[in-house]
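Two complexes follow with chain A in common, the first pairing it with chain B and the second with chain C.
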Partner chain A sequence: MRQQWVGRPLPRFEDEALLRGAGRYLDDLDPAPNACHAAVLRSQLAHARIAKLDPSAALELPGVVGVLTGADVAELSRPFPAGVDCPIPYRAAAVDVARYAGEPLAVVVARDRYVAEDALELVEVDYEPLEPVLDPLTAAATERLLASDRSFRYGDPESALASAHLVVRERFAFPRWSGTPLECYGVVADWDEATGSLTAWANFQGPFTLHSVAAAALGLPGSKLRLITPPDSGGSFGIKSTVYAYVVLMGLASRKLGVPVRWIEDRLEHLAGSSGATARITDVEAGFSADGELLALRYDVVEDVGAYVRAPEPATLYRMHGSLSGAYRVRHVAARNRVVTTNRCPTGLNRGFGGPQLYFALERTMAIAARRLSLDPAELARRNLIRADEQPYRTPSGGLYDSGDYAACLDDALRLARYEERVAERDRARSEGRLVGIGVACIVEPSISNMGYITLARTPEQRAGELPKSGNAEGASVQVSPLGGITVRVATAGQGQGHATVCAQIVADQLGVGPADVEVITEMDTSTSAWTVSSGSYSSRFSGVSAGAVLRAAERVAAKARRIAAHLLECDPDDVELAGGRAVVTGSADGISLRRVAGVAHWNPEALPPGLEPGLQATAFHAAPNLDPPDADDRIASSAAHGFVADVAVVEVERETGRVLVLDYVSVHDAGRLLNPLLAAGQVRGSFAHGAGVALLERTVYDADGNLLTGSFMDYLCLTAPELPPLTTGHRQSPSPFTPLGAKGLGEGTTMSVPAAIGNAVADALGRDDIELPLTAPRVWELLA
Partner chain B sequence: MIPIEITVNGRRYRETVPARLLLSDFIRHTLGLTGTHVGCEHGVCGCCTIILDGTSIRSCLFLAVQADGSELRTVEGLAGGGELTALQRAFRERHALQCGFCTPGILMAAVDFLGRHPEPSREQVVGLLSGHLCRCTGYEPIVEAILDAAGER
Partner chain C sequence: MKPAPFRYERPETLEEALGLLAEHGEEAKVLAGGQSLVPLLSMRFARPAVLVDVNRLPGLDGIAAENGHVRAGTLARQSAFGEAPPVLERVPLATEAVPHIGHFATRNRGTVGGSIAHADARAELPLALVALGGSAVLASRRGRREVAADDLFVTHFTSALEPDELLVETLWPAAGPGWGCAFEELALRAGDYALGMTACVLHIEEARIAVARVAVGAVTDRPTVIPEAGELLAGEAVDATLAREAGRAAARAVDPVDSLHASAAYQRHLTGLLVERAVLRAWEAAL
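Showing the complex of A and B:
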């Protein structure tokens, strides 16, 4: 009988090796023998002219091979291109002026890492301090630091606001934070002088648009930058997309010094100089009717991207553009988006990518409105949620939501949370003087980013003169060996999500074998993998588009196998079914093994049906079908699929200490069809932990001079097991009509919803609106004082 | 350079190392046992946890020369070439690892812990994990896996 593997909670094939300590992470590999070790000299000041950088003493140290300086970087490379024309060019190392504490100034290469680090201390640097700018609003008022300023208007928000019964006007700040994967960056770079090409191994995660960005900086055609990712990666959550800047830096060091160069970032470097989420200030104006209908929304956003606009920024600001109206039916929306640079480490991808920032502002606004309208927040949400019969739903800013019954999800969440009882309990606790609060958040979780959304940072007039960008495509290959072995190759550069297992499930269904019979190669190699600019693991795109490419390739191999089998069995290919490792004639006992079919394709092409190519392999590409470039009115379907998340948080604040205790947290998710529920649960829970981290604890802090205060894991506090709130989850499965398997992304939703829901709960507990994330005990205690 | 003799997973190694070589670097790069991971090199994340003479320690906070004459266990020694142990199997069943980078350190800490607390309470397991970072799983499946493994002993 035919087995259906997709949809089962199958434990992972990846785990066997990982549990034995036999994973192959970047620092476990030795791909370029005799590589020398690099250490990076970093700016100690947030803003300074580098008056002198003299490596001569370092070069004298035995074991030192050489030094690459900012001047070399300027000579050997070009600035990285970005989505906006920025007055301050970004390069792999500072040239003349350092703009954040931790910025690379030089690379010392030595026979071993210990010696390289010794040599760093011998490089003489004279700094001429310059005034740093840390305040995003100051930056917004400074022409040179304002990288982009665009305004968008959909419908007639002015009139709608003017006619509103209630207008909420509030400012929300979202802090800078980082997903901090436990494995830091790593690069091995090997410049080949003979061919003028660079081969680099890096724990990069995509998007592979950034391969083009790196190649442009190196002045190389894409074919001469061979980028290879290792089979295993120790987490990323978006952060490792930026390792591309170090691919260039180490590539230049290898080129200048004539040796392969190996660089493994340490944690202090990671916290100071890798990447993080944007800090955002959002002024919201929201108009409501007397019965709670959200009539209009206006955002005024200042987005702090750090010292440089580093590609793919300012993407954080535009990833959510089709979802400015969130899960609500409001038709009048406006936004002003300003992107500013300050003297902090540049930002980039980070789990949630724009979602936490947007929804904290929107969902806090909804909670504030509910209070002012004397409505229950869940009831206010329900009155505004997009209705099931309106799906697929086009948002005012161009987003195309696909499916789902949002109100039913909210009801599920309320039921799981025993909402009404909880409200009564809260009121009782309050009458006893306790600070208990309940928060609700309803969010739409976009997945599979439209590569064209970033062009919204440019005006329609500018775009008209440029080549359009759109879509999100992925490639994959499936091959069957002469002995019937099945190998899948993907370009997703995953970081622990379990892609190999899910790919095996998909291919097993198509070829009628067990998933354990399918080998999945997860190393990505830009010279040999099937890939596109959108390849990689980000925007929760795997289950929607990467799985689609695997499915398409497997379908082609299956179709060919059936044709061959039909020819050998003298029947019609439509009557051949692949099951149990065999090709059988439907309804009869006749059949041959898949191994035999593959054998014929390889060993005996003469026996193939006339005209059929030998071999049994297919490479397929799949693109999301619903992602056009932005139109002339700045509307864009910024993502292909949209899940929904409804959360309820119950908290108690300890009066004496300010400590926030999350008593209960319920999250109900509709992410379409779940390809592997065990893995889906893992993604939701991991995403929840990151959301709870930024809600309660995590923040990157700089002092007034731009010195990083959270430069180690002793100061940047990640959430640990005892601090993790209890989580109850529920699922609905409304298949997406826009993805081949009906799946939607689900690895970011709770990172987007939790800061909003916990924020709302704490605001409710304290009875005040001026709360700021993260809600650490000292900060909450100050509010209580 | 200092000569040292260390037994790792039952195998004896004689090496000559610089005095300042970290034990974590010695294990990973001198011996090539790359299952032990390094996530911070300042004693917080727990990725580098191994067992030294019967007690779990952070190998990034030790020098190789301090381990001279010691017996070490690393993740590679748990199952050896054989079947996964009950603890490892529980991690797989519970999906208690995603990227797997934190996993070897947590496994070694759990082996030491379960030796001392054969029937741990949930709070004790959570307490053990307070010394380990995992950025992928949200910890709960790890707690479940360790409790499962304890139940099977």
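Showing the complex of A and C:
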């Protein structure tokens, strides 16, 4: 009897080793014997000319091997390429001018990290302070700091706004925050003088487009930068995609000093010098008819990407481009997007990637409109949601939504939240003087992004002469050994999501074995793994694309196994079924073991059907459909799959202290088919915690001089278990027509929805619109005072 | 995040430890539970030349009731202290304060004596010791002396300990009939430094307050008794209005400064609110 493993809540194979401390993370590996340890000298000022950097005293310290300076970086490498032509080039270390507090100025390499840190103190640096710019609006008005300024118009927003019964005009600021993985960055770099090539082990998170970016900075062809990621990585949430800048920095140190270099980032460095999400200011104009139809949306966005436009930025701004209209049927949309640089650490990927910023502005606008129209916010949403019979749905900005009944999800969420009772309870509590509020958020969660969206930062004319880009493919290999052992190799470079478990489920279904019979290699090596520019785990693409590549490879192996078995059993391959570790003739007891089939393929090619290659192995690539580059009107299907999330938050604000207590939180998802509901639940819960973090506690703060005030975990307030609000979840499963298994990404949706839903609930509780995240007790109290 | 070089000493006896402190004076730093000192070393904010690890000293982790006090050896771990039977029975204020200190893991290592000697104005145990009117015993080669908590804490991170002295035990006055206490704090996350904190100790005789000690931390440079609040309460029976007045008196008496997470106005307001809550609870406990 054939088992169906996909769709079952199988516990993760990864967990036992991780819980026993048997994981193999970067710092557990010793891949380059006798590696020396690096420490990074970082700028103490946000903006300064480096008048002098003298390492001579550091070089005197016993145990110090050498120092790489910004001047060396300038000599040995090129600036990193980025999506826009930036007037300020970005390099692995500051050359002459430091542009954020924490920017690398030099690398000291020594026999251990203690000596390296001792030596850092001996490097003499003379700073000539320059005026820092921290205000994004000031930067937007400064030509040199304005990296990109593009305007988009779909439909006729001017007329629609002019005819609207109500126009909501509001400004929303979204704070900078981060992903704070448990394991910080780590790199071991080993320059091979003989071949002029670099091998680097790093806990890098793909996309492997950034491999090309690193290779370009090093001036190497791709084949001479071998990048290896360890089997385990302790979380990333996007942040570790930027490890590539340190791969280059340590690669240059290894090249200059002639030793392998090991650098394990500590938490202080991580908070100051790794990455973070963009801070965004959004002015919204939204026109509504008297009965609540959303007629037009206009955004004016200023996106602060920090000191440099670091690849893949300004992607945060364009990842959501096809979803500017959110979950709503509005046809008239305009946006002006300005990307500015300020004297902060450069930004990058962070779970949600543009979604939290967009939906905070859009969903706050919807809540404000509901209040002004005297409509229930859930009712206003329902009147505007894209209908199930309109799917697949093309958005005004070119997005192609795939499937789902959004209104049904919203109804599920309202039912789970006991919405009507909650509204009555809220009104009763209010009459007693308590501050209770309810917030709703409806969001579309894109996954499997179309890299071509990044080119929207350039005009159609600028794009015309370039190679069109829309990469979204992923590769995978499946092989069956002579003894019947099944191995899958993926290039997803996961960071704890449970990829190995799901890959095993998929392959088990195709080859008719149990998931425990399938070995999954999650180690990634650019010189041996099947990969492409979009390989990795960004944009929640595993279940839609990577799983598809695994499926395709497994299907090919299964087809070949059936052909071999049919030949041996003297029947038609279509009559052979793989089940229970055997190849059997459908409807009969005849069959042979899969091990025997593999054995023939390896040991006895003569017995194979004529013309069939020996071996039992396949490598397949899969790319999602419909992902064209942007058209001449700047429309783009910016993602291949789109889930839907409907959330209801119920909060009470303690009047005396300003504390926000989340009494209830309901999140209903439609992420297509769930490959493993247990892992899906974990993704939703983690995504919820991340979103609740920025809603309630987390933000990165710089003072007016550009000093980082949240430089340790004492002041950067990650949400911890006791602060985690209660969560109730529900799922619908509308298969995506655009992914092989009908699955969509679901690891980011709640991060996109929670800031908006909790924001709406607190605004409702306080009866005011001017709330700002994070909603910490003192900040909320100031609003009440 | 690696410490600057230091010499490490691990004495086996108190005599040896005091000898090392006498020898190295201000160059030395005592390592007990390490929950404050080790991060400071790693961030190179603290750079002692010599680290004197006292964890092996025998007989310094006892907790026992004696003559109206509970004596806690300097090496008693915070988690053990809060749950020790003599403390549960006689020093309920300490039992209430301990769960606010850091996290389970830090309380399992952090010591009572280390927290007191560190003299962090935002720490819970110093505040409780001051509110109770307790004391500490300091030992050196020169002898032993007992210092009242009110005199022990000088300012943030500064105590009356001389460089050659080791804090060997703390004395926590035991509560009897008619005594009530309450500890209140608010932090943004479980285990964080508080934005406001207070400890209140009341003694009631014939349904009136005979002794009232209201102390606050976090917003002051050391755990500080607020006499204005105590004077308001003395001789009175507590009701909601009086508790609020005591809170207001405390709020007026402190002078916080703006911080990253909370304005001075918030900290002042919060201090008053927490005092109000603590006075009410302590009164109910004493009745």
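The definition used in the following text is that the second predicted complex is superposed on the first by the 784 of 785 C-alpha atoms of A that agree within 3 Å, B and C clash if a C-alpha of one lies under 4 Å from a C-alpha of the other, contacts with A are read in each partner's own complex, and residues count from 1 in each chain.
Heads up, the rule we're going with is that a residue touches a chain if its C-beta (ideal position, glycine included) is under 8 Å from a C-beta of that chain, and two chains touch if they have at least 3 such contacts.
What you are looking at is a predicted structure, and each value in this text was computed from that prediction instead of being measured.
**Student:** Kindly classify A:Ala162 by the partners it touches after superposition: chain B alone (first), chain C alone (second), both, or neither?
**Tutor:** It touches nothing on chain B or chain C.
**Student:** A:Ala51 in the overlay: touching chain B, chain C, both, or neither? Say first, second, both or neither.
**Tutor:** Once the two structures are laid over each other on A, A:Ala51 reaches no partner at all.
**Student:** Of the partners chain B and chain C, which touch A:Gly234 in the superposed model: first, second, both, neither?
**Tutor:** After superposing on A, A:Gly234 lies in contact with chain B but is clear of chain C.
**Student:** So, does A:Arg20 touch the first partner chain B, the second partner chain C, both, or neither?
**Tutor:** first
**Student:** Determine, under the contact definition given at the top, whether A:Tyr114 touches first (chain B), second (chain C), both, or neither.
**Tutor:** both
**Student:** Spot which of chain B and chain C makes contact with more residues of chain A, would you?
**Tutor:** Counting residues of chain A touched by each partner, the higher count goes to B.
**Student:** Classify the contacts of A:Thr657 with the two partner chains as first (chain B alone), second (chain C alone), both, or neither.
**Tutor:** second
**Student:** Have a look at where A:Gly686 lands relative to chain B and chain C in the superposition and call it first, second, both or neither.
**Tutor:** first
**Student:** After superposition on the shared chain, which partner residues are touched by A:Pro722: those of chain B (first), chain C (second), both, or neither?
**Tutor:** Both: A:Pro722 reaches chain B and chain C.
**Student:** Output check: A:Arg267 vs chain B and chain C. Expected answer is one of first, second, both, neither. What do you get?
**Tutor:** Both partners, chain B and chain C.
**Student:** Determine where on chain A the residues touched by chain B overlap those touched by chain C, and list them.
**Tutor:** 114, 266-268, 712, 714, 720, 722
**Student:** For chain A, which residues count as touching chain C in their complex?
**Tutor:** Chain A reaches chain C through residues 113-114, 117-118, 266-268, 656-659, 697, 701, 709-710, 712, 714-715, 717, 719-720, 722-723, 776-778, 781-782, 785.
**Student:** Could you list, by residue number, the parts of chain B that touch chain A in their complex?
**Tutor:** Interface residues on chain B, with respect to chain A: 18, 20-21, 28, 33-42, 44-45, 47, 74-76, 78-79, 84, 88, 91-93, 95, 97-104, 107, 126-127, 129-143.
**Student:** Once bound in the complex, which stretches of chain C touch chain A?
**Tutor:** 1-5, 43-44, 186, 188-193, 195, 260-263, 265-266, 269-270, 273
**Student:** Under the definition above, what is the set of chain A residues touching chain B in their complex?
**Tutor:** 11-12, 14-16, 18-23, 25, 27-28, 114, 179-184, 232-235, 237, 266-268, 495-498, 678-679, 681-682, 685-686, 688-690, 712-714, 718, 720-722, 724, 727
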